[in-house]
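A, B, C and D are the chain letters, set down in written order, and residue numbers restart from 1 in every chain.
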């Protein structure tokens, strides 16, 4: 039975009831709803609405329901419109009419906003741990693979050699930003709506600062109308999740390409790949493709929630009931992907020979230009000369490392025998030793920085 | 056990398995999967892969599984990666190793695309019927409310009087377009992927045109690589659904505003509204708010699916597994809203007195300008004169219908006693008698057209 | 000066004016606005509002403005709120106060909707021609490259050999669907709003069917309220454009991968690639990356427009002014990409030797399973046996084509000397001869079908 | 001429050039590009690449170009591919071949990322000021309108009376969150990519920490591959902008509804509204409708950018060129709306009589329930009793304030003569005095808090 029956002569149409009810997804906030009600009951006693005895009985009842829920024994009924109704119904069964005092001075509007924020506060650490796990895997790879040189790409064309460890770490920092964003979001979630009533505030003598603290919130929302309708935190969660998705999708795209036979840089462990029902030889990088695909879904949940929030009249509107599926779904998606990606990285085989074989001397063309710059040629001219050298070598069917001195000199007279040194990938890598560069020393420093970041995710490292 | 085990030394990691498996949502296509397999088994017999007896045993087994499924008795197991695997596993239990012949020349790539298309083909008529139901409710309202004049708004400001029936019908035609779009989509869904194998086609001697016909498809897909990766039809379904959502959201926005106390044009039946857990007097238009809010979610499913599809390498990629949740969710959302909205309209109370009271004479300002035009004043000048008249009347605290003749004449000398006729809303309405206008006769013609449209939704009426 | 000044005492604030004005983008519809006004002037004469002489002078004036616009000489002024205002202002300059009669019985609401639909109708053929151009390039490639075998991929892992022509054609059919969708959209655009006034219809004696025909529309909109607010056609255009974008992004993703050094299947012509400002050796597939990136923007324009349309009160709301940028932008994006992609394909170099070198015998594993099936092994068992064979060969460091007969026989005794025939890619390709398959004969048939499709884009071929 | 010509034999196709060039939108970053180059030239001197004299001449040249740009005299040419090329071309014209040394050790990849971040850093304060302006207008309204009671709504149904000032402030706090988000974003933007080269870092002896400081950045990006491809800050900007848009759309929706004739709570000043070209009486809330509509566009720019970023291979890909239009467009949209909305609020007329007239006694139903609670009735029972009272009053055609004592007592015997006190809106408002409530005292405290927030936008107030 709904909590609002009195004024209504007729019952809800069954299809209307099914459309309106939210118990099938908001039951997931049962624990938060119960904790919120326990805190509210305490506040009601402080405000003189409940006697100490009443408070005790209500608290005991709520605790029993919490225990039932945790034991998987809380039953929902067809008439339970939402988790709030279900809890109040069950409380009535356990402690009788006294249950009817719990909702004094409270509305489902401030209650659901409180539950939802509590749920996110409860789950942010889990998400953060999963992100930290991914960072740890990336860092571990960087340590394990230190010294391996791979071709670096721009536009997916071979560009310059880089350390594989440097490449792994290029996926570490985006996750660091993700964690920082989620950490900053936490402060915006931890603002308490409870005690705002339906929209106008509560007439009870409630100390909302105390109430906030008792539930682990930082402060009480300063405006009741805003408090019952603010879903910024949900949108921000979905944005942060979508950006995590984008980061995973970039890592995934690379892994899909690098595990192709043509690149052959990595091989996935059997436990993190799948086969084909038709083609017996196939070994597919499914976890990475799923990560890439689910990034699309995460973008969709964000776009959908923002569209839902757009243009609503003030205070609570029922449209806001559409806020939970996007948040829960985004959380579930990330929690299903992140550990698998981490483990797939942990168990990856790296084929450094294949990487080495891909280190075409043309990737050192910039180093050749730098060689000319060192000999006084302005960079722009050096770039053009090397471009022509590349063209010449292609036409000759040679590598730019394999021209003879006379050929080099046709492009610039300053080129000497020592030009061969520029074609060594290791030299090329180690020349880029400024902060953030791919030189071994710079990468070692970066790994130190990454470890510090891991230890203090909330610091604005990057 | 997966269908692809042979080449793998290790089993999937459990979290990987959970991420990868799709049985929790693709079991919804069990019936389609079984029908597809029945048709494939027949094709295998024609191609000489199965003997008549083998075909008979496989068909009987599949039919038994279909019966189990329809009776709610088909059990899924932890090792069932997807619905295809589950069916093949169950078939093996029922008929033994012969089950292993069913997948000959087929891949899950062409199979799942076939299942998904079949599912949509099966469900489009249900969606169409729900849309037709909404149109019928709108048309019924137009018939019931014929003759009632309401204020028409632009920018939510009172603009010109219109027939309420005309307004109802303004929500009928968008649904007509929706149905037309879905009908045209059907032809693009009814192109058969089966017989395309993993990507290269099937080596068996299969007549795919016959196979297509046996499954109710119009034709066989002309290119196997495209066939296994084409999800245009899913995106198009999500677009059509999003646009239905937008249409419902506009109707909903109006109903929310028109059931407000300040407008007071409509009252919802108790069975299609809800109350407040705190405020005993409340009667809220929840189904309309939910329709409006869910339009946001529908937009999100579309944006998400398109983002998922963007930039995939050719043929099948596992990302495509993300195609079903958006389609199933959009379908479920619409099927939950549409009948409730229809019924809420059927049971609506119309307060025509409130509408009449809102028919401010200033809404006939255009008619006053037309009056001047009839007396030879160019429209642009007439518009300016009436604008000044409105301003003058506001300053006097009068309605523009309540000026005395002298006052009118200050604005234009051609105004005579007969000017009062322009302020009658009924006259204003009935002057707009061109096709598509709000005059009673035009609306009656429109209702005839609407009834014809209902009978032939596929015709390009609007 | 705005067209609506009379009622207002104060002028617009300059920032408000800048926000409100749309002339900076809607001037692009000048030609359509003028054609609409010419048709309206003719209708006004038929309705007896304009004398023949007045009609003649107004038409002459409008024609002069059209000539000015086409000569790039129509000047806009700071006070021109929108294209409609600019035209009426200029008409007044040319023919005097008579210009003030043109707007009789018309509103900017029906006018702008008419202009916008006319603009789309004018530009759909251009977009269609660009799409046809892409199809022609794809088909030309299929013809030129006929006979070349390339590795086909699923999950970007080598799957089965396919004809390169088959692969090109896999990008032809999605464009065919795009053209079909745009063709079907045309009928929904060609519904005339003019004569619907602000929302209630026109009081003039206008034959809207004649008016529709005179402007090249199929019919007059049946409901004036719907007509002035319907932007479905714009959303549908943006959807069709987004899906074109998705198709281009898939082609682009493949081209980016296939022009990488590691794949090396294609090389872009110099005229359709760019270099690096730093790295002299680089040759980047920019047009394809831009096509892929712009697919994201196209998705955004669609999501944005739908969000704008969601939840608006009926009839016209100023929010609708946000409809043009998405449509114009999407059109411009596609018209900038499509010809470049077509030409880049026309000038592509194909390295068939690199493709051949990638045809790993393991890609014929399915053929080996089929070989066993032909010898009576159920497919599922054959699949498992071949999977084990693949695993065995990998462990031996051999190709599955290089085992000796004894080794093969360990997996199944039915394997004989003739097993080697299965490892020929050409044989594998040509076995897949069912409709839609990759066999040469099937692809030749497909090319015939594609040519027919090109000739009759509107037919529901695929 | 492009910066990368050397290696290419043929020139770009003209359509390819048009597609590829970004000068038409990235010229907007001219100032940032020049400042970046000035800093880079200084770094080149420190690294010993430029002599002091060379540095001086390059600096002078760049400063001249900056002056030209600021004077609107920098001309772009057809061959200027992008702003970087244009600047280098112009520098060459001014100082000769020495210009060719500027690009040493730098790539357009790190350069454009630096320019873009600088642009955002330059423009964030302008956006923040516009947001602060809106807050100031809202706060000023709250101060001006203090004491006025309006009906508060949930579900757009009359719920409980609230102070108009409280309602204004409910729109203040979301903007506070917006500003906080933008402030936190600033730290993530202020990470310097310059010195990361194309992807591998720079081989020059550059102190990137010093370089960062010289350009006003907080730190140097720790990983060069990440630095050239990270566009998180752009996506985060678009998210923050979309959420500002959502907040504006909610304010706008309310203003549209509250300026309707039926509500009649507000009237817009003539300078911030527009009229109709057809209907002389119209006065439309265009700035608010445009704000609402543009929220949709802002959502679209976000969704589009995220879709563009999804699934890209590392490091720089040309797709990233699509990052600027979304950011620039979002900035422009907000800067065009925000001041107009602020001013429209400043010049709003409030009709407090209309608000008062809407304060239906049924809005105090919750207070009546509270009255019963104070008399010992459990809230749930009190709620039901009042619901029945409301139903009874409706049936009698009476207000719930107009029942006689006997009628009240039928619902509960504890009701006495003093029940009338509950129906006073002022009493109802002032009972809600807990923090965040609508009581006058609580709102005064909230205004103090809001003023503090205005002074310290970066503090986590809400």
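Definition applied: a residue touches a chain if its C-beta (ideal position, glycine included) is under 8 Å from a C-beta of that chain, and two chains touch if they have at least 3 such contacts.
Just so we're clear, the structure is a prediction, and the values are computed from it rather than from any experiment.
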>> Keeping to the contact definition above, tell me which chains border both subunit A and subunit B.
In response: C, D
>> Between A-D and C-D, which chain pair shares more contacting C-beta pairs?
In response: A-D
>> Centroid of subunit C to centroid of subunit D, CA atoms only: how many Å?
In response: 32
>> With centres defined as the mean C-alpha position, give me the subunit A-subunit D separation in Å.
In response: 23
> Which positions in subunit C touch two or more other chains at once?
Replying inline: 3-9, 103, 109, 153-156, 159-160, 197-198, 256-257, 275-284, 286, 289, 292, 295-296, 299, 302-303, 306-307, 309-311, 313, 317-318, 366, 383-384, 386-387, 390
> Quick one: in the complex, what on subunit C touches subunit A?
Replying inline: 153-160, 256-257, 259-263, 275-286, 289, 303, 306-307, 310-311, 358, 360, 362-363, 365-366, 368-369, 383-384, 386-387, 389-390, 400
> Which part of subunit B faces subunit A closely enough to touch in the complex?
Replying inline: 2-13, 15-16, 18-20, 84-85, 103, 106-109, 197-198, 256, 269-272, 274-287, 289-290, 292-310, 313, 317-322, 325-326, 336-337, 339-340, 343-344
